[in-house]
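What follows is a structure written as C-alpha cells; I'll ask about it next.
Letters A, B, C, D and E mark the chains in the order given here, with residues in each chain numbered from 1 onward.
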Amino acid sequence: MIPHADEAITRDGKALILAYDHGLEHGPVDFDPNPATADPERVFELAGHDAVTALAVQKGVAEAHYDDYADDVSLLLKLNGTSNLWMGEPDSAVNCSVEYADELGADAVGFTLYGGSNHEVEMAEEFRDAQEAARDRDLPVVMWSYPRGQGLKDDTAPETIAYAARLGLELGADIAKVKYPGSPEAMEQATSMAGPTKVIMSGGSKTDDLAFLQTVKGALDGGAKGLAVGRNVFQRENPEQILDALEAVIFGGSEPREALREANGEVHDAALD
Amino acid sequence: MIPHADEAITRDGKALILAYDHGLEHGPVDFDPNPATADPERVFELAGHDAVTALAVQKGVAEAHYDDYADDVSLLLKLNGTSNLWMGEPDSAVNCSVEYADELGADAVGFTLYGGSNHEVEMAEEFRDAQEAARDRDLPVVMWSYPRGQGLKDDTAPETIAYAARLGLELGADIAKVKYPGSPEAMEQATSMAGPTKVIMSGGSKTDDLAFLQTVKGALDGGAKGLAVGRNVFQRENPEQILDALEAVIFGGSEPREALREANGEVHDAALD
Amino acid sequence: MIPHADEAITRDGKALILAYDHGLEHGPVDFDPNPATADPERVFELAGHDAVTALAVQKGVAEAHYDDYADDVSLLLKLNGTSNLWMGEPDSAVNCSVEYADELGADAVGFTLYGGSNHEVEMAEEFRDAQEAARDRDLPVVMWSYPRGQGLKDDTAPETIAYAARLGLELGADIAKVKYPGSPEAMEQATSMAGPTKVIMSGGSKTDDLAFLQTVKGALDGGAKGLAVGRNVFQRENPEQILDALEAVIFGGSEPREALREANGEVHDAALD
Amino acid sequence: MIPHADEAITRDGKALILAYDHGLEHGPVDFDPNPATADPERVFELAGHDAVTALAVQKGVAEAHYDDYADDVSLLLKLNGTSNLWMGEPDSAVNCSVEYADELGADAVGFTLYGGSNHEVEMAEEFRDAQEAARDRDLPVVMWSYPRGQGLKDDTAPETIAYAARLGLELGADIAKVKYPGSPEAMEQATSMAGPTKVIMSGGSKTDDLAFLQTVKGALDGGAKGLAVGRNVFQRENPEQILDALEAVIFGGSEPREALREANGEVHDAALD
Amino acid sequence: MIPHADEAITRDGKALILAYDHGLEHGPVDFDPNPATADPERVFELAGHDAVTALAVQKGVAEAHYDDYADDVSLLLKLNGTSNLWMGEPDSAVNCSVEYADELGADAVGFTLYGGSNHEVEMAEEFRDAQEAARDRDLPVVMWSYPRGQGLKDDTAPETIAYAARLGLELGADIAKVKYPGSPEAMEQATSMAGPTKVIMSGGSKTDDLAFLQTVKGALDGGAKGLAVGRNVFQRENPEQILDALEAVIFGGSEPREALREANGEVHDAALD
C-alpha cells in the first residue's frame, strides 16, 4: 500500500463500497428476491447516495452506464471475476486490463485473490501485473482477499481472515476486503495484521437491518475502515434507508439502533426500543 | 457494451446475422442436405439481401471473398472457432486477431464464450484481449454466449440462457447471441438480465418455415433484438423467401403467417390458412 | 486464402512441391532405402527440375544450402515439425518464425495442423500467428492439414479428408495439403469443400511408378491442383524420370501410361502396354 | 555473480540481512510469540541498527514504509513468495517486478529457488528474467536457494546444501542464502562449491542466544559471509542486544560468549561463564 | 547451420570444447574425485591451453570469471540446464538469454535438446527463439542433442545418435554434440545424417587415457569434427597432458598411442608400447 493512495474511494479514511458484480459471479439467481435489481441503472442511482464512496462493477456494466453517472459516482472497476457455472479449484478470469479501466474513468481497481487455491500462485502473479499497472496510473488497489480452495477447511476462521488481511499488506493492496471473522476481536486480529493497509468487511448475504448494522459496528470496533456491500443494500425495498443508517454508523460513529431509528425517520419502530 | 456501438451491424436497433462458420465448427456434414451450400460465394450473395445486417464468417472465408462483396455486405468476423474432430472440454481456438479482422474490412467481431467449461477462465481472458482491441478500433463485439461443459446439465434451461445473456453484459459484449430458451417468457428473463446489451437468438438446426418464424417471433416478444441464423436459411431451396419473411417479422413487426404469405407471393399456401 | 497469393509456388495454378522434412519427422530410417538421399544437396539439385514448383524443407536445411540454389528453386519453408522419438497426442514444434523464414529467402511458408488432436486448439492459434505474419510479408501459406489423434478413427476417410480441406479454407491457407482419400470422387468431395483454397495431394510412401501416377491423376480428376511428394521421388534410382512423368500428368494433362512412356524415353517398357 | 556487485548490501564483504517476509510465507502464526512484531515499523526501526546491512521485505511492506527509512536502511526487495495456505509442490509467485523494485528504491533483489521441486525449471526461468533485469539496473541478486519438493529426502543434508550453494553460483546470484547444514565442515563444503558467490546462512526458527550465536560462528568458520535472520531477532524481547552480539561475531570476529557478554553490558550472566 | 558460422569456436574446422556445467547438471558429486576442480578458475586456466577452442559454462560462472580470461578463452555460453535434484521427464531451464550471453562476451551459445522427451516440443520452441536471436548477433549455435525420456529405450543406439545428429541439421545448429554411439561406423552414420552441420562427440565420464583417446580417434574416423569434454580432462591430475594428446589427435592427426607418448614427454610408458 502507498500512504494516501486510497483517497479517491474513501472519505475521512473510511469506505463504503457498493459492490455489484453478482450478475457475473452468481448469475441471475442473486436478483431473484427483487428482479428489478438486475438493472444496473438502479444501482448506479443508489451509488449516488452520499454514503457510498465507490461502486464496484465489471467492465461491461461500466461501459454501458458509467458515463451517465461519472459526476456522482466513484468507479471501482473490478478487474477479475468469473461465473459459477464451472467447477474446480477457485480461479478468476482477468476480464479487464488496468489500461482500459483507466480509459473507462475508473477511480480505483479491484482484484480477487483466492489464497489457498491451487491457482494462488498464478492469481498472485496476475495481481502483480494489475497492481503495478495501477501504480503507474495512480489508481488505488482493492484486494478481495478470499482464501478458499482445496487447502482451506474454514474460510472465515479468525486465523484465515487474519492471513487474508496480511496478504493485502504484503502484496501491495491499499485496501483489503475480507469476510467478517465473527467478532470484533477476530476482526481486530485481522486489522492488526494488515498494518496501514485498510481492511474492510465484505457484506455477505442479506440479513435483517439491525443484525447487519451490528455486524458492521463490530467490524469497525475491530479496526475495520468500512464495508463493501451488495445484496444487503440493493435487495432491500428501501435501500436508501439502510444507506442512511450505514452512513451514520461508519462515518458518524452512531450506534446501530440509533442510526436505524434516524434513518427510519419519524416512524416509531418498536423493534428498535 | 458501449451505447450505439452496434450500429454497424444493426438496423433500427435490430439484427439479422447470417452465420456461416459451419464448415469449421461442424465440418462438411452440415452441407450434406444441399452440397452447393459449401460454396461460400452462394452465402455471400444471400448476405446481400436487405434483411441481412451482417454476415459472420471465419478469417479464411473473408480473405477469399469479402473484397467482392464489401459494398453490399457487412462483415462480422468470427475470431475464434474450432472443429468438432477432437474431444474434451469445450474450447475454441482464436483463429484471427482483431488487427487482422480490421485489415480485412470487418465491421464487427464475434467471439464464442463457453461459460461453464473448464476453459471458461482462459476463454474469458482471450475475450478480454479481443474486446479491448475491438474497442481501440471502434468495432462492435458480438458474444456467442453458449454455456456448456462438464458443469452444465441443460444448456438451454431458462436460468442458463439468462446467465449467458448476463455474461454478455458483464464482460462487455454489445450483442449477446444465445440459444432460444424455449418460450417468450424465458427469453424475457434473459433479455432483462442483459441490460442494454442486445440479445439475439441463435437459429439452431433447420425446421419448417412457420415453426421457425414463430420461434423468432417468440424471441422478439421476449425482448430479443433479432436473430443469428445459418442452416435455417442457407439450407433452404429458396433462402431469399425465408429472408423476406424474416425481414417482415424482425424489422416490420409482421405476424409469422402473414409474413410467410407475403414472402411466398401470389402462391396460395393452404398450410398458412 | 487470398486470391493469387499462391503464385510464387505454383505454375498455371498448379503445384508440384518436393517435400524433404523426413529427417526431422521420421528420422534416418526414411533414408535407409537409399542412404545418399540423406544429403540435402541431392534434393536441392532435384528441386531445380522444371516440374518442381517449390521445395519444402525445415529451417536448418535452408540455412545450409538455399543460398546456392536460390536462383533455381522456390523455397517453401516448413515452419513447424517434430521428431517421432516421443509419444503422445500429435503436436508439432514451431521451429522457425515467419520473420526468419523471410530472411532466409522463403517464397512461401508451410504449417502442419493436426485437426482432431487434443493439441488442435493450440496448433490452430500458432497457425494464426504464422498465417498473419505471412500475410504481412506477402508469403503464401500452405497447410499440411492432417487430422489425427485420439478423436480420429480413420485419418484418410473421405469425410475426414473433406473436413481437412475445409479447415484449410476456413483458417486462411492458400493451399491445403491432404492425404489422398482413396478415389477421385472422394477427392472431389474434399476439393469442393475447400472453395478457392487449392487442394494438393500428399505423396505418401514409395509405390511403383504407374500406380503412383495413376493416384496423382485420380487426385487431379477430383479437382486437386497438384502434389506434394517426397519419398516417391527422392528415393528412386531415377528421380528425374518420375519428375518428367509428373510434369506431363500435372501440367501437361497426359495420361499416366503415356507420361511414363515419354519419360522413359526410347526404352520400350512392356509393363506400360 | 559479478565481482563487487553485492557491495550495496554488504559491509567489509559480509552481510547481516534482516528478513521479514513471514507474514506472507507463514502467516500471522509467526507473530504469535510477540504480536507487536506484526507491525512492520518495528522491524524497520530495528533495521536501522548498525549491524544490519539490509532489510528483506515484500513489495507491499516496502511501499508502506520504506520512504520513511530510506536514509537508514538498505532495502532488499524479495521478488517472489507465497502463502502456506495452499498445498502442492513448492512454488513461489513472482509478486514484484525488478522495474518496480527499483522504483521503490531497492538496493538489491531477492528470489527463492526451490531446486528439486517439480516447478524448478519454471522457477529458474523466472529467476533468469529477474536476474537479467537486475543486472540492467546494477542491483545485486540474492538467491534463497532452498532445495525441496518431491525429489528431496533431506533438505539440510550437507550434499543438498552444497548443491544449493552451487546453484547460486551457476545461475548468477551474487549471494546465496542457504540453510545451515549442521556443522562448519558441511558449511565449508557448501562455500567451496559457490566459488566467489557469497554464501550466507539462513537463521531458522528461534533458539536461545548462545546456541544461535554459536551456529552463526560455525557458519562463518565454514566460510559463510554472514547471516539472514528473522524470528531469531525480531521475536526477542531485546532484539538490539542480539544484533549487538551478531555484529561482534560477524564483523568483529568475536567469540559468541564474549560477544554476548559485551552485548548484555554490565549485567553478569552466569550462564555465559 | 550457416556455412562458416562456427569459426569463432573451431580451428581448421575442428573443435575441442571444454565443458564445465557439471556443478549445475550433476551437482557437487562430480567434483568429489578432485575437490579442487569445483573452483571455476582452475578450469578457466585450463581453457587457455592451445588445444581448447571454447569453454562451455553457465551464465553465473561466466559472470564471475570470464572478464579475466577473455583474451585467452573463447566463451561458449550454455543457455539452458537444470539440476538433477528433481525427477520427471527430461527438461531444461533456459537460464540465460542470448542478449545477455552476448553482453557477457560469448563467442557462441549452447542449448540442450532432449529429443524424445515429452518436453521435446517445448524445448524445440525455446531452441528456435535462442537460435534466431543468435543469428541476429552472428553467434554460432551448438546443440547438445541428447535424446532421452519416456519414449527412448537406448539413448546411445546408433540409430538414436544418427537421429540426434540430424536434429542438429534440421533445426539449425552449427554444431551438434552427441554421445559416442560405440563405433566409428555408427559415428559415420550420424555424421552422414548431419550434412554440413559439424558433429562432435560428448566426452562422457572419466576413463583411462588411452581408451579415451582411442574413442576420440574412432569418432574422428567416423567423421566427427572434434570433442566436447569435461570430467575426462578436468578430473585428471595432469589435465594439460591429456589436452596435449587430444590436440595431437584432433588437430594433428596423430595416432592415440603416439600422441600420448609425446604428451607424456621423456617418460617411458610401458603401457603404451
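Definition applied: a contact is a pair of C-beta atoms (placed from the backbone, for glycine too) under 8 Å apart; a residue touches a chain by one contact, two chains touch by 3 or more.
Bear in mind the structure is a predicted one, so any value in this text is a computation, not a measurement.
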Intersection of contact partners for chain C and chain E: none
Steps needed, at fewest, to go from chain B to chain C via touching chains: 1
Joint neighbours of chain E and chain A, given as chain labels: D
Copies chain D and chain E touch via same or different residues, half shared test: different
Geometric centre distance via CA averages, chain B-chain A, whole Å: 37
Mean-CA-position distance for chain D and chain C (Å): 59
Multi-chain contact sites of chain C, meaning residues that touch two or more partners: none
Order around the closed ring of chains, commencing at chain A, then chain D: A, D, E, C, B
Contacting residues of chain B [partner chain A, same complex]: 1-3, 115-118, 120-122, 124-125, 127-128, 132, 135, 147, 149-152, 159-160, 162-163, 166-173, 189, 192-193, 195-197
Touching residues on chain E, where the partner in the complex is chain D: 21, 23-24, 27-29, 31, 35, 38-41, 58-61, 63-65, 81-83, 85-88, 91-97, 99-100
